[in-house]
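Multiple structures follow.
One chain, chain A, links the two complexes that follow: it is found with chain B in the first and with chain C in the second.
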Partner chain A sequence: MIQEEGQMHRSHVWLAVLAALLLVPASATAGNYPPPSDPGSGTGKSHGKGQTLTVCKRGCDYKNIQKAIDAASGKDTIRVKKGTYRESVQIVGSRYDGLKLIGDPKHRDRVVLDGKSLKSGDAQNAVLLNNADDVTVRGFHAVHYKANCFFATNLQDYVLDQLEAERCGVYGVYAFNSKGGVMSNSEAYYNPDSGFYVGQTPPQKGRKKRTLVKNVSSWGNVLGFSGTNMRYTTITKSRWFNNGAGIVPNVLDSEKYYPPTGNVLSDNDVFWNNFNFYFGAPFKIPQQSAASIPYPIGIGILLFGSQNTVVENNRIFGNYLGGFAEVPAVQLSGNADPKKNEASILRNNTVRGNDFGGGNDLNGRDMLYDGSGSGNCFEGNTTRSPNLPANNGTFVACPGPNPNVTDPAVLPLALTIGLGDPKDPASFEKNWIKHPHPARKGVKPLEHYGG
Partner chain B sequence: MAQPGGLDRRGFLAAGGAATFLCTIGGETVPVRSPRDVARVDAAAAALPRPAAAVRRDPIDRAQFPTPEPQPGGRRREYWIGARTVSWDIVPAGRDEWMKRRPPSRSRRTIRAYVYQQWSAGFAKPIGRPRMPGPTLYAEVGDVLVVHFGNLDRKLRQAVTMHPHGVRYNPEYDGAYLGDFTRAGGFVAPGEEFTYVWEATPDSVGAWPYHDHGPNHTLNTLRGLFGAVIVREKGAPAPDVEQVLFLHSFPPQVTGFSELFHSINGRSYAGNTPTIRARAGQRVTIHVMGMDQNFHTFHIHGHRWRDSSGAFVDCPTLGPNETITASFVEDNPGRWLYHCHVSLHQDAGMAGWYLVEQ
Partner chain C sequence: MRRNIAAAALALGALVLAPVGISQAVGAKQVKKIVKLGDNFFAPDSLKVPAGSKITWRWPKNPGDVHDVKLSSGPKGVKKFHSDFASSSYSFPKTLTKPGKYVVICTIHGEMSMTIRVTK
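Let's turn to the complex of A and B:
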């Protein structure tokens, strides 16, 4: 802690840098996005049986997927046989409510959507769902699209299941401005923003539809999971490793519906998120993306502004900067717009039952919280490395009400140790506290790509 | 011989305690005499549109109400409760330990029940197995119960709710379907969740039921959508032994079986119903609630307790959604029977064991 205290004098500089950089919206990067529209309020459920259309190179109803979709309507099922399809699939409009697009759920790598040789305008997304409710996409491997691998927007109750999202231009599996949905049994890697992303969830007064992210793996991305202004989302039973940062719900006023609220991060493995992509990466870092925002590298879970969020029963280990951090959205703190100022404040977040540094795989630090906001509490966490503050004075116990008390030294220190300069990749590592990782079956640490 | 879905003579006699009831959904009144009628009611419930806010012309239906907060010193007690249908064996032990009555085969005693189940936050994973009744919710005076309720069912595709007794709530958190005047918490469609906020006030002390009060609540409470709320004085200790018992029934017209099951907590016959255990000297409290169309009595062999008037009782009567609480200091070791003393109910399974050690 002595070393960290010695760095406080630079904090004001980084506050200014962060505030400036965070004015860049992470989600404004993917070109040719459909404009947001109201995802509606109906149940979005479509029942009954439709026809089944088949797609393959020879002997099926159609030779490419989009032709089958053009001929289909809701309730239909499109079955895509094994092969590589070089096209961008678009499912747009309510006529497709209830559609199922099925590749090979057991062998998703056998049904490949490859955007590599497509013209720019055709290579945005492997699959785009827009304004079509209750659509299922299952059993595909998408690679080399300029924007996103799988993108759902302006809709309800999507199911994105058994997917593999590799080396797309921004996000791997992405849902925006949508209500309810499932991302499950999928994997995303080598994406220059986040592997999985749920953003700009419309507020739902009274009844709500929850989004479920379950049994997914995300690795080798800038962020494992990003949730800008994400609401009512449960992330569970998933693995977030070898990313720059693991799971990052966050506030940006460049998107609607801030702050993130009503989220639950439960029963995840969050480990080895020490991928310093600035030294080199299997993707091109876009001019504007999460990678251009100097999110800290080496952190497991970062609540960058959140309200009514539960972080429980996760296993968080081997993250060199820290396991968990909860910081206010400093770029909006003190904003003249009271709604933005309110969105920056941490409120009613519960951190309980998490295991830090288990398996003799220590985090650099376990928990960080400056004590700001209200209703934030900690209960039953097992820690093995120092917290910040080291005296644990901000980690008030649950259940409340136990008032939060701000430790004014913590936030400047957190920003100092957490932020780096993209032009100086080593700056992101200078405050790491490294510990050796015990071997894990089937996984190797990724800190420097190719290194 | 019993016919599938029909009644033999013995079954007919047993079913005499299960009167035909009427379900009205979407303006259609269906006398429920058979599983076919049940299917009609379920179909009507699944097709029922969400009440439109536009028809709420009376200002009282547009009134906004604040979300309650705990009183000073009180706390928020959060629960995540999901409702879903499950396969449910009414006689899982396959025997009646009391009268050695031979129960029907498993296929003729296993129903599709509808239960409340506790989940971890965000409905990440269920906590424990599905149970009937649903999880008991606990609070002390000054607390608020924050109940995140999710309609997790994929089978019946109809709106359900949680409606509590005993605690204080404003109309937003009533959890009742009111036709055109329904608020958000009175119609929670499949895939949706709603957060009820209920206050534990001084007059909430006691044990109370909660249950479905959606558009098809008559059927769905018969299927098992009920549970209990227990509110204590602030700082009051829990008894050494505390048990909630729901007295209810599975009528043939709902199950499709020839036999009427009278049940306690979803099970019929001693050895299947809860076996309560205590030791001499322990403070024992048993909350008994009615949750069907019948009046019941509750009798524990070898025991007496005081009712709310202070009189000693050993076989009080309770009606639908009514609670009686038997509290006493145990002083009479042995194997005891507890049961409803309406013989038809008792003989159709509404009985269980109470075992007291020295």
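Let's turn to the complex of A and C:
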């Protein structure tokens, strides 16, 4: 499905950040973290031929997907024929290494997982992969689950392909604590956290298993993409539009393995991320906890703390607050725990070859960077709107200096213009600089749902 | 004599009623507790309950982040438990029969941890 009319959680980290920055001395959060569950060191592909099990309403091996999975092992392929399946599918444990769960890759709308009438645990996730490596899920449309549409955790080398993730309770397509994987040829919309998410990627030594996010569309979500403590991930050739914010790698100490590092955001279209969902949304807006902060609305790419990240050759346009911003994770700045403090700092990020405001579709501001950290640099970007700072003093050529040169006026101003109060939705728009969008085939701007 | 009869009657009554009385006494000690999950906390994050008490972890009605409940460590021999990964409108009950210290975590959010001390 492609969005037709202007008709998107949290991942909140902004307002109290300013308060924290201005008022509260950061302190280490005490706590004994449980040891992370290591998804493994690599089993490789599963070999040998398995059986093919079929699922459909009549005339197949099974009428129910989970029953087919219960009967399967890792070498098997489960083919699910067209229909609507009201169940939660769980693929849990190494016995399923190498399993393929295939719906209709050419017509994913024909094989639907619908959680609307389900209760309790069955209503939470359409498809859960846990501790099963090298599993493929392809050709499904999931809708109306209370937690996630497609959720992969504690594993490696997953393939999530030709999926449609609509109106789930948190994330559309969600990978957590996993090494390597592919999210491709898929679409996510109307999810109240992010359409796509890769996070808490375990650190790896030597050659890294990378995660690839390619040829996906994400729109109408709070965030198009969220990457809390995400590592070794390439996001490319995808479209991020009509979200509250487009692509947001970020640092949170509520999850392990901070900071995000080793990521590449390349050759994406990032546009019109001005969806002010606080005015209304096709989903419940998650309640704010005391520790959560709403992200700014109207921004294309936001690095909220990042290291060794490349942002290159993207087309970024029509975002009213700004096209690109690189901000330290200020809630951890000055933290007594040196690891947390270090995680807050921007280091060795490269922003190059991006086209801002092309097609006569200007951003409110093109680039924002306070000049903090070290090794951060900018080269070959085409800009058409003012940057912050306007004198471009922080946008230094590559390789970036150690340290960069901070403009102390920028960060407080950046946090101020990004601030909003969810109880006053218009407050998120008070610092927008709006420009008319030229028409774009197949897509209409989404700023206010139903408006 | 009356005292003896009375004492005998009490003793007899005690004998007859003893099993019931003991059972009732144990039942009265067991409790039911609700633990709420939020972003990112258990509330309360510590409990002390008698053996046989029922703990129910309850997710909020409105969606928050995804959390689970997993027994990270418990008394020797106790069977590990792990809930679904859930966001809202879900609860996970467990009756804890073995005395000792139970540490319960959310596997997604490292800061979410709670301790339950189960007494005899």
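One rule holds in what follows: the second predicted complex is superposed on the first by the 403 of 451 C-alpha atoms of A that agree within 3 Å, B and C clash if a C-alpha of one lies under 4 Å from a C-alpha of the other, contacts with A are read in each partner's own complex, and residues count from 1 in each chain.
Operating definition for what follows: a residue touches a chain if its C-beta (ideal position, glycine included) is under 8 Å from a C-beta of that chain, and two chains touch if they have at least 3 such contacts.
Keep in mind the model is a prediction, meaning the values are calculated, not measured.
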item	value
First, second, both or neither for A:93, with chain B first and chain C second	neither
Which superposed partner A:176 touches (first chain B, second chain C, both, neither)	second
Contacts of A:124 with chain B and chain C, given as first, second, both or neither	second
Chain A: partner with more touched residues, chain B or chain C	C
Touching partner for A:438 - first (chain B), second (chain C), both, neither	neither
First (chain B), second (chain C), both or neither touched by A:207	first
First (chain B), second (chain C), both or neither touched by A:284	second
Contacts of A:254 with chain B and chain C, given as first, second, both or neither	second
Partner chain(s) touched by A:151 [first = chain B, second = chain C, both, neither]	second
Chain A-facing residues of chain C, complex	38-40, 60, 62-66, 72, 83-91, 105, 107-111, 113
In the complex, chain B residues that touch chain A	50, 70, 75-77, 120-125, 150, 157, 172, 183-185, 187-194
Parts of chain A lying in touch with chain B, wherever the complex brings them together	43, 45, 47, 157, 180, 205-210, 212, 232-234, 236-237, 263-264, 266-267, 310, 312-313, 350, 399-401
Contacting residues of chain A [partner chain C, same complex]	9-10, 29, 31-34, 36-37, 120-121, 123-125, 128, 146-148, 151, 153-154, 169-171, 174, 176-177, 192-193, 200, 253-256, 284, 286-287, 289, 291-292
